[in-house]
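Quick heads-up: structures coming right below.
What follows is a pair of complexes built around chain A, which joins chain B in one and chain C in the other.
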Partner chain A sequence: MDMVSMGLLAAMGALATVAGASEDLESDVGSQSNPNSQVQLAAQVGHPHRIYNKAISGEPPSNALYAALAAVTASVLMSGYGMNAFFAIAIGAVAAAIFNGIFSVTAYMGRNTSQARFNQYVYLDVLRTHTTTIMAHAYITAFCVVTISYIMTAPWLPIQHPFPMPLVAFIWGLAIGAIGSSTGDVHYGAEREFQAYPFGSGLNAANSGDIVTKAEAGLRSSIDNAWFCARFGGPVTGMAFGLTVFLDNWRTTIFDPATQGWLAIVTGVVIVILFNIYNRILEIRSKKRYGPYPEYAGDIEA
Partner chain B sequence: MSVAAGGGESKIDKTKLMMYGLGGGVLGIYLTHVLNTITGSGYFSFLAGLGVIAAVVMGSDAVRRVCSYGIGTGVPSIGLMAMGMGLVAAMFGLSIGGVAGPIIGIAVAMGFGYFVGLLANKIIKMNIPVMEEVLMTLGGAGAIVLIGLSVAVSGEISYPLILESVVNTGYIAILFIAGTLAILHPFNANLGPDETQDRTLVHTISTGALAMFAAGLASLATIGAAGLLTVVIAVIIWIKSFMWYFALVKRDSSGVVGTGLLPEGGL
Partner chain C sequence: MIAFDANMLLYIIEIVIGGLLVGVGVHFVPVGGAPAAMAQATGVGTGTVQLAAGSGLTGLLSAGLMMSVTDNMLMIVISGAVGAMIMIDATMIVGNWVYIYGVGVPPCSAKVDYDPITKEPQPPYISPGTVGHGIPTVSFVSGTIGGLLGGAGGSLIYYALMSINGNPGLSGFFAIGIFVVNAVVASYNIQGTIEGFHDPKFKRVPRAVQVCLVASLVIGIFAVLITGGA
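Right after this comes the complex of A and B.
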């Protein structure tokens, strides 16, 4: 393990942390993925709203698309036209952000139009204000993910992954979407959409779709979800993705996959076991401290 | 029909869509191959992209039909499954068939789809009447999309060339996922009780154009400046279809407003 490999590993971990945070905030501004079903349901249970409804197939496939598109564009510019990697990846990320914007706009229009019988309008100012925020976050995500893929595959750098860059970016895109969907969305979905209900009460099926449509002043839109989720959901997603990228590459940096492959595999298994034990301890501690709720004592006065 | 999943009446018959999808897709792929070979250039690669748009319209309508049975969250899954079946069959067809590869690939994909549909209905007992037929259509659409986009990038039907320019370069990643989203996104995005077939299918033309655009971008590195033609035509189709889609949104929506409060009863 030389200093260059260690430095690259640290850079990849840092890039992944930023990418994870921006990915989660991007999906939260648009209410993509898990919280989306509640936004979709809201109008149907009598709560038309001004919240963005970005239904793009779940986060893993959509992020795989942005990452792959950015990587292909960068790869074409680098291999076909000899462009510098930094600018090529930046241009690729712009292409990905534009695709993201197009898919977001059509999803918002389509979903809201298909709720016409419930009086759900299509608000063009929501589109104008939110889509740019979404695209900006998507740009950061795509840039970071493709940079990680470039570091992993560039022929002049030590890692030299055997897969071509677009394929590596595609896989990291799937991974970041899956992590963003499972880690960050929980914070947005339970805490933001249902903040009218007592903290920690869970979501009763009867309350489905009864989301908060009014804000501190005026009507709630999704634009301040980035502010709200940047406090916890975004950073925690960043940490999850950063750790994934860092630990996964760390074990193959300290152990050479060609000669010490089995040691790298064993290290991976040990890491998974350690995380399982840690999660179990965390779960037991949380239950002891905050729950369980043996009987319902009525609504708590706010 | 499930209200949650939506899916109104079909104005355009599925047989007609299948005919255009299969015919257009195969025609586009072969025209690209023949004209590029005769002229010795890559300028006709955009025709394969046009064929792909015809095939995604067919696939998207199939997604719409099966998902109207209440498979709400299954929309992305079924799109990915279509593409998975298409990818395996397309590569199989191309590897054994030579120039006849696309036909073999599409036929195998459709057989594959029918078999998976049979399994879903008879073994897992999903009992969705259109399952076999829909998965057969989706398999065919997936194979056409992958072969079409691959040919748009490589310039001709040749397995070694496709391996070199599409698979080894990793461009297959964007062809796979852009093609998948082109098929599944339109119904997913328009899902709801007031979904209409023409709006979903016009939306499909625009997502198909985006897949064609992505293939055009990749082809800039493989067939050079000729790929620019694919990119430009895809952009024109996208602009036209997006404007058409927006017009249909205005037609179907309860209101497209610049800004404003919630409708009466909303607060």
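Right after this comes the complex of A and C.
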């Protein structure tokens, strides 16, 4: 372990945290991933809305595509044209953001026009303002993921990962999508979309599609949703991806895999055990704080 | 003319075992799909393949780094398993933060009355109209085992392919492909949601083993031939 490696590791953790947060907010503005099912259902159950509706694909494949696309572009610019890494990655991320924008517009237009019979309109102002917001977040995500991949693979830096940079970016893109879909999106899907229902009631299946369409003033837009999710869902998604990138690389930075491989593995196992213990503490504390459901009338006692 | 030797057979067997580990591992991963994203079902709020691939391939990165410095198969496979477990555990912990602090629901299972590990009662904590929410202890432990099996499986496939051609990029791509095929096949068996090894759906594992065996065998033969085994 040397100071340069530790500094790079810290930079990777910070980049991953920013990438995780922007990835989650990008999917919240666009209503990608699982909460999209409620946005899609809303118009059909009588709640036409001004929420952006883009279900391009699951988040992991789409983010893997954007990250790999940005990494391939950057890689070609660096190796073929001798471009500086910083500018090459920035241009790669622009290419990814443009692709994201194209997919977003076609998804929004396609989905909303297909719901014309439920009085769901295509709002051109929503398309104009939200698509750029989505692309901006996608740019930040792609830039950070490709920079992490570059740090892991660049021949002049200490971490020498054997995979080519686009493949590393592809895998981190897949991981960031899986994390964003599993963590931050729950804050949007279970809380923000159903704020009209009491906090802590979950979503009763009978209320599916009854999403909040009105804002504090006027009609709710997806940028309002990003504002709300940026207070909790986005940052914790960043923490999840930051933890993954940092902890996974930390154990191979402090212990050299070539000579202390088993120590790196044991450190990883200890981290996993600590996670399991922490989850149990979290469960006990939450049950103690919230208690059983007030209207519960079953035979099994809490 | 294809020369068939004992090493080639060994590589195919390793790929098949890796595929089986992935297929079985997916059944351990607690996923609630779209309903879980609305706190309507127990488990992580995403799809089976998505989370299994996210964790398994993070493990593949760890295994790739380890294999660049050692040839010890055990070390490479365990390193991949640990990488996958770290990713899935970090995801589940933060997922539970969102359920508990963001949505206000305590983790509980709807498939069992008492948590098989902690023996705590579950039904009093389930919100009406839902089939559980969050990631209770049993699902968390199950998810960790899922990460372990998925990460180990992906790494074993990578190890076999690397032994054939020594090209990390090519082997990595093929390992991802074989991983995803087995994860998707297993997902059809799960049909959307599963809470972990305590879920009644888990009894379907033998069927997934049969299908993953056939799928991995066919892909294994082609993968070995294409990547330079003959």
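In the analysis below, the second predicted complex is superposed on the first by the 294 of 302 C-alpha atoms of A that agree within 3 Å, B and C clash if a C-alpha of one lies under 4 Å from a C-alpha of the other, contacts with A are read in each partner's own complex, and residues count from 1 in each chain.
By definition in this document, a contact is a pair of C-beta atoms (placed from the backbone, for glycine too) under 8 Å apart; a residue touches a chain by one contact, two chains touch by 3 or more.
Small disclaimer: the values here were computed from a predicted structure and weren't measured.
Of the two partner chains placed by the overlay, only chain B lies in contact with A:Y123; chain C stays clear of it. When the two structures are aligned on the shared chain, A:P48 is found in touch with chain B, with no touch to chain C. In the superposition on chain A, A:G58 contacts both chain B and chain C. When the two structures are aligned on the shared chain, A:Q160 is found in touch with chain C, with no touch to chain B. Looking at the shared chain after the overlay, A:P35 reaches chain C, while chain B stays out of its contact range.
With both structures placed on the common chain, the touch criterion links A:F99 to chain B but leaves chain C unconnected. Touch criterion met: A:V76 reaches chain B, while chain C stays clear of it. Comparing chain B with chain C, the partner in contact with more residues of chain A is C. Once the two complexes are overlaid on the shared chain, A:H137 sits clear of chain B and of chain C alike. Shared-chain residue A:L247: touches chain C; no touch with chain B. Common to the chain B and chain C interfaces on chain A are residues 37, 58, 163-164, 167-168, 170.
Residue ranges of chain B in contact with chain A, taken from their complex: 4, 6, 73, 75-76, 79-80, 168-174, 176-178, 180-181, 184-186, 188-195, 199-200, 203, 206-207, 210, 214, 217-218, 220-221, 224, 242, 245-246, 249, 252-267.
Contact residues of chain C toward chain A in the complex are 33-40, 44-47, 50-51, 53-55, 57-58, 60-62, 64-70, 72, 75, 78-79, 82-83, 85-87, 89-107, 113-114, 118, 120-130, 133-137, 140-141, 144, 168-169, 172-173, 176.
Residues 33-35, 37-38, 58-60, 159-164, 167-168, 170-172, 174-175, 177-179, 181-187, 189-191, 193-194, 199-208, 232-233, 236-237, 239-240, 243-244, 247-248, 251-252, 257-258, 261-262, 264-265, 268-269, 271-272, 275-276, 278-280, 282-283, 286-287, 289-290, 292-293, 295-296, 298, 300-302 of chain A are the ones that touch chain C when the two sit in their complex.
Touching chain B in their complex are the following residues of chain A: 37, 40, 44, 46-50, 55-58, 61-62, 64-65, 68-69, 71-73, 75-76, 79-80, 95, 99, 102-103, 106-107, 109-125, 163-170, 213-214, 219.
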